[in-house]
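The structures come next, written out as structure tokens.
Note that chain A is present in both complexes that follow, paired respectively with chain B and with chain C.
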Partner chain A sequence: MEPVLENEKKIELKKSKISNIKVEEFKDFLTVLPALAFFGVFIYYPLAQLFNISFTNWNLIKDSYKYVGLKNYQWLYNGSGKAELINSLRVTFIYTLSEVTITLVGGMLLALLFGKMTRKYAFMRSIVFMPKYVGMSTAAVVYAWILNGKYGILNYVLNIFGIPSVDWLTQQSTALIGVLFLTSWRVVGYAMIIYLSAMQGISRDYYEAASLDGATKVQELRYITIPLLSPTTLFLFVTTFIASMKVFQSIDVMTGGGPYESTNVMVYWIYNLAFVDFRVDRAAVTSILFFIILLVCTILTMKVSDKSVNYDS
Partner chain B sequence: MDNYANSKGSRKALSIFRDIIAIAVTLIMLFPIYWMIVSSFKTSDELLQAVPTLWPKVFNWQNYPNALKMAPFGKYFFNTIVMTAGIMVFQMLVGILAAYGFSKGKFRFKNTLFIVVLGALMVPIQVTFVPIYVMMARLDWINTFKALIIPEAVSAYNIFMLRQAFMSVDNSYCEAAKVDGMGRLGIIFKILTPMCKPTLITMGLLTFIGGWNSYFWPKMVTSRPEMRTIAIGVYELKRSFAGLETMNTNEIMAGAFMAILPIVVIFMMAQKYLLTGFSKAAMK
Partner chain C sequence: MKPTKLFSVFMMSVFMLTSVVACSGGSTGTSGTKGPSASPTENSAEKYAVTKPIKIEWWHAIESQYQPTVDKVVSDFKSKNPNIDVEAIYQGSYADLNNKLVAAQAAGTTLPALAISNTPYVAQYGEAELCETLDPYIKATGFDIKDFGAGLVKSSSYDEKLIALPFQISTQIMFYNKDMADAEGIKIPTKWSEMDEFMKKASKVNNGKTDRYATVIPGWDQWYFEPFFLNNGVKIVNSDNKSTDLNSDKALNIANQIKKWHQEGTAFFAYGKDASANMRQSFLDGKAFSVIHTTSLYDMYAKSAKFKVGMAWLPGGDTNYSEIGGNVLLIPKKNSQEVKNAAWAFMSYLTSKDVNMVWATDTGYMPTRNSVTKTDAAKEFLKTKPTFQVVFDNLDKINPRIQHPAYSQLAKTWMESLAKATIENQDMKASMDNAKKLIDEILADK
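Right, the complex of A and B next:
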């Protein structure tokens, strides 16, 4: 009799242990549930909703809408939206590539210049880094003043050097450059800090060996520093690329997409489709395309990086 | 010997040259802020002189009260603080819980579900703002704090960074606490959270600054002036001078200075956390 009882007890204990583990697992799951629910409602549901809206003829000023199939896709592919799309893509990519180049080259140069580990240099570094935290819209208001065609200080300085005044933000050929002044100011210091912290991770041995071999400073930079920083460069490339594609604030404040659409970047265009033209349907199609472009660009850079990045640091 | 002294001398010259360049670059980077402050104290006449002055001849303090009169800055500040505080509390709370679950927790499909979180990083608000706006409009949340705070209440990036921090804490601490009879919430808030304080401080600061400067989403979901936040407020101030912006740049700059002052102060006090936070992000 007794051993059987013992056995039953054991089984019961095991059962309660199993259910106990289940309860614990469930409680662990509960900790991530709020976040998952949030992403469901505010990320994945809206994403699905975008596709839904893109098949309708939804206009924000009308109460009802109906499904119209691929009409909006046609509008974008070979309708009146096509020219706008091509312009917007062109502007966005010119802006993005300029911004990325300035960030990488500027960040690297600043890192080399400000790399001295003294207190005075630390102070200067923090000033160079600070613009990152100054609100973009506020800074844009300030830059619009600096770049003002008639009273702006930049033109005044250019005049001193004999260069005629430029209507930075009000002419087609220079508006994007005007915006780049601002966005570069905000981001180069950040790139510098990222590069500097990576440079500190490079072993001194490399440089000692190089100087024993009689390498010059330029050679050290070319054959040691830059190759060993390639993971950092990739990180900066991807993050700056994605951030630049999403540019909105500076455009909104400084140029309003103009003059003549010369700064009408993707997000600004979508915003206008939805809230100025009230064509939510067209905005949805364009958002989908924008999302796909972002996704493809990210995946591509990741793929390329696996082959060409040196992780040997 | 002569040669040696020579190279030492040229090295010194080079180092001075570097200092000069570094100081020049620093001044250029500082200039927009300087120019904003200086312009905010000038009179309209001085502002529009053919030859700009580097220092105001007379300090026109009146620009500040004037700016406050043109746009409801007090309201902007209040709205920004409420919004930012709300976002911070939610992001911290939900983020800490989720980071625990994804680092120390044990449950089925943990890794798959974490991909759901990482996937959220790929879908910025610039892609989904139209449907989210429609959602807010249907809920009748436009021009409320709910619309300003709730769509920003969880950050996938913060969950990712916090999870990294929690994973670096040895499991034995959690096990020991469990043996002592400490519950899950106890472990999270009395063991893990205090041990990851630097990460949390950095995250809190970045969330605060991000909220303070956020422009895109607040612009979408607010239209009434009394619900606007500070980042939009400065632009609204500029627009309130419709057509006469240039003449009134001194007052606009006064508004801009008031808008960035809190961030500059926070940056000066807490730059240690901001600097390390970023290097960590890049090292991952």
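Right, the complex of A and C next:
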């Protein structure tokens, strides 16, 4: 009898444990529920609506619309939208890769340059970081004037040195460069600060050991600093990549996507489709594709980082 | 069930639930809640009267230099209509205002009682039924709509219904340096065929470098160069409403002439975000003999220039029409009848005879009422701005713009193609053939 009783007791204990765990799980779930509801309302519902709109002919201002099947998808992948899509993606990727490169390389160089913890260097660091505080639209308006082909101060300075004026924002070949001037000026100080704080976390023992082994400064940079900064580089890469892919304000103020769509990045193109052409249906399809592209890029980045990022600091 | 599984199930449920909600509605969906009933059907003026105190918003794009005029007009209205409190809100440029209005319309809430709209948007708003039809209000209250020019009324209508009222109207004009013209004996062309000679006479080009342009043609907005094409037999939108003739011989002729002048440096085709500001400065600095712009900017040029500024009608071809620019006033349909009544009262006041001349005098916009142009106030106006005589003499030549719901897309494609071929010296025929392909698809899709 006793072994049977013991088994029953064990089963009862197990049941009571399971029911306690379930209650705890439910309580945990309840605490997360408000955040989930927020995500549901502000992210997942709009996403579902976006998908829905992509199968319609809605123009944003009409109350009703009709379902048109895959017409919008055909426009994007086989119709007149294809050429615009290819152009927009090309411009967006060129801009993104340029900005990421400038941010990482420029940020690291500035961090190495202004790395000493003295008052003078602190002042220089604050000067370099200050543009981050300036609103993007405000800075874009000012930069549009600095880069003005006829009356801009940059051309004025170039002329002093005998260099002819450049129509920075009205030439296909230089418009994107003009926008990069602004965005690089704003972000490179931020990257510098991030790298600086990461550098402070690298143990001096590595450098002392390297110094004893006769390593040069360049070798220290290459074999110690850069590898140990790889988590920070990954962080900056991902954040800068995503932000650059979604660039809008500087393009809107400085070039309006021109000249001749040479700065027509994806977000600006989607905005124009929705609010200027009143083609929310096409804007929805393009947004979905853009979302997928960003997702794939992020996944690829994480996979590459698993192999190449060193978390040993 | 483990927490991760529970979470996944929950998220799937949310996703599927929202998809079901989003996809409901069968073959026709709805994007938002409809407001109270649409246009009133009775003709009694009492139906459109304001019977109790109400506060309304007026969204406008009138720039800050005209704020004192806005404040004065609103204040005068309030003193005559104590029941109606108007809050005038500046919403930025026409494009900014359009974005906000369209967003409010889609949301179905926060719509203003009254809004300004740039004239090109009338067709799109009309097609989308964003605006209240004004015919019943006009009939019931005895508003004198016939006092407005036929072209102005047509530009404020869609599908034979009046959906807006002309408010601040302008047209294309050539501003020129009158001192320079008198000193050098430069004759302003009246025909397109005289433009070549004008370009040579009024410009100063030395060894390929331009010291002074004969004129600057705005390339950032097709409205400015559109009359050149229309007056020389180009339709832009063919009578089938689904195709364009912008690659026809007539159109190519005009386009190639513009390109030739730009390439030889006698004229400048201004394109880009900063082109407008550059063009104004060039004219004021004496680097351009003339510019093609809008009459609404007369005050700005006259006050800023160190020389006398003249206005000349644009050179015509087979015809010499210009087009309506500026803005109209509209009442969003989704508002309640009480709000619409108050909006109508304010709208009637803003477009009344008394206020018509106030806008014309204080800004560079033109009077819109025929009767006003014959009044003493108009005569006084011409005494202070005699250059406007050329506009008054040609009021019957100001036509409504082409009304097509897809016209803004057509205009953008046309403008980009023309600018690229002109400035980058590319083959105009190839550029326009490509533009036609894109524009035909845009028009056919509507």
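Odds and ends about this structure:
Quick note on the criterion: the second predicted complex is superposed on the first by the 275 of 313 C-alpha atoms of A that agree within 3 Å, B and C clash if a C-alpha of one lies under 4 Å from a C-alpha of the other, contacts with A are read in each partner's own complex, and residues count from 1 in each chain.
Keep in mind that, in the parts below, contacts are C-beta pairs under 8 Å (C-beta built on N, C-alpha and C of every residue); 3 or more make two chains touch, one makes a residue touch a chain.
Model, not experiment: these values are computed from the prediction.
On the superposed chain A, the two partners chain B and chain C do not both fit; they clash.
Judged by the touch definition given at the top, the superposed model places A:K150 against both chain B and chain C.
Once the two complexes are laid over each other on the shared chain, residue contacts for A:T298 go to chain B alone; chain C is not touched. Of the two partner chains, neither chain B nor chain C is touched by A:L85.
Contacts of A:Y260 after superposition: chain C is touched, whereas chain B is not reached.
For chain A, the partner with contacts to more residues, out of chain B and chain C, is B.
In the superposition on chain A, contact is made by A:I193 with chain B only, not with chain C.
Using the contact criterion defined above for the overlaid structures, shared-chain residue A:I61 touches chain C, although it does not reach chain B.
When the two structures are aligned on the shared chain, A:F278 is found in touch with chain C, with no touch to chain B. In the superposition on chain A, A:F29 contacts both chain B and chain C.
Of the two partner chains placed around the shared chain by superposition, neither chain B nor chain C is touched by A:L228. Put simply, of the chain B stretches 80-88, 134-142, 152-160 or 188-196, the part that bumps into chain C is 134-142. The contact surfaces that chain B and chain C form on chain A in the two complexes overlap at residues 25, 28-29, 32, 36, 44-45, 49, 144-145, 148, 150-151, 253, 275. Within the complex formed with chain A, the residues of chain B that make contact are 18, 21-23, 25-26, 29-30, 32-33, 35-36, 39, 47-48, 51-52, 94-95, 97-98, 100-102, 105-108, 113, 116-117, 119-120, 122-124, 126-135, 150-151, 153-154, 156, 159, 184, 188, 209, 212-213, 215-216, 219-220, 230-232, 234-235, 238, 246, 249, 252-253, 256, 259-260, 263-264, 266-267, 271, 274-275, 278-279, 282-283.
By the touch rule above, chain A contacts chain B in their complex via residues 24-32, 34-36, 38-39, 42-47, 49-50, 53, 110, 113-114, 116, 121, 124, 126-131, 133-146, 148, 150-151, 153, 156, 185, 189-190, 193-194, 197-198, 201, 232, 235-236, 242, 246, 248-249, 252-253, 267, 270-271, 274-275, 280, 283-284, 287, 290-291, 294-295, 298. Taken together, the chain A residues at the contact with chain C in this complex read 25, 28-29, 32, 36, 40, 44-45, 48-49, 51-52, 56, 58-67, 79-80, 144-145, 148-151, 167, 169-170, 172, 253-256, 258-261, 275-278. Interface of chain C with chain A (complex): residues 1-3, 6-7, 10-11, 14-15, 18-19, 21-23, 27-32, 34, 95, 98-99, 102, 105-106, 124-125, 127-130, 271-275, 277-278, 281-282, 408-409, 412, 416, 419-420, 423-424, 437-438, 441.
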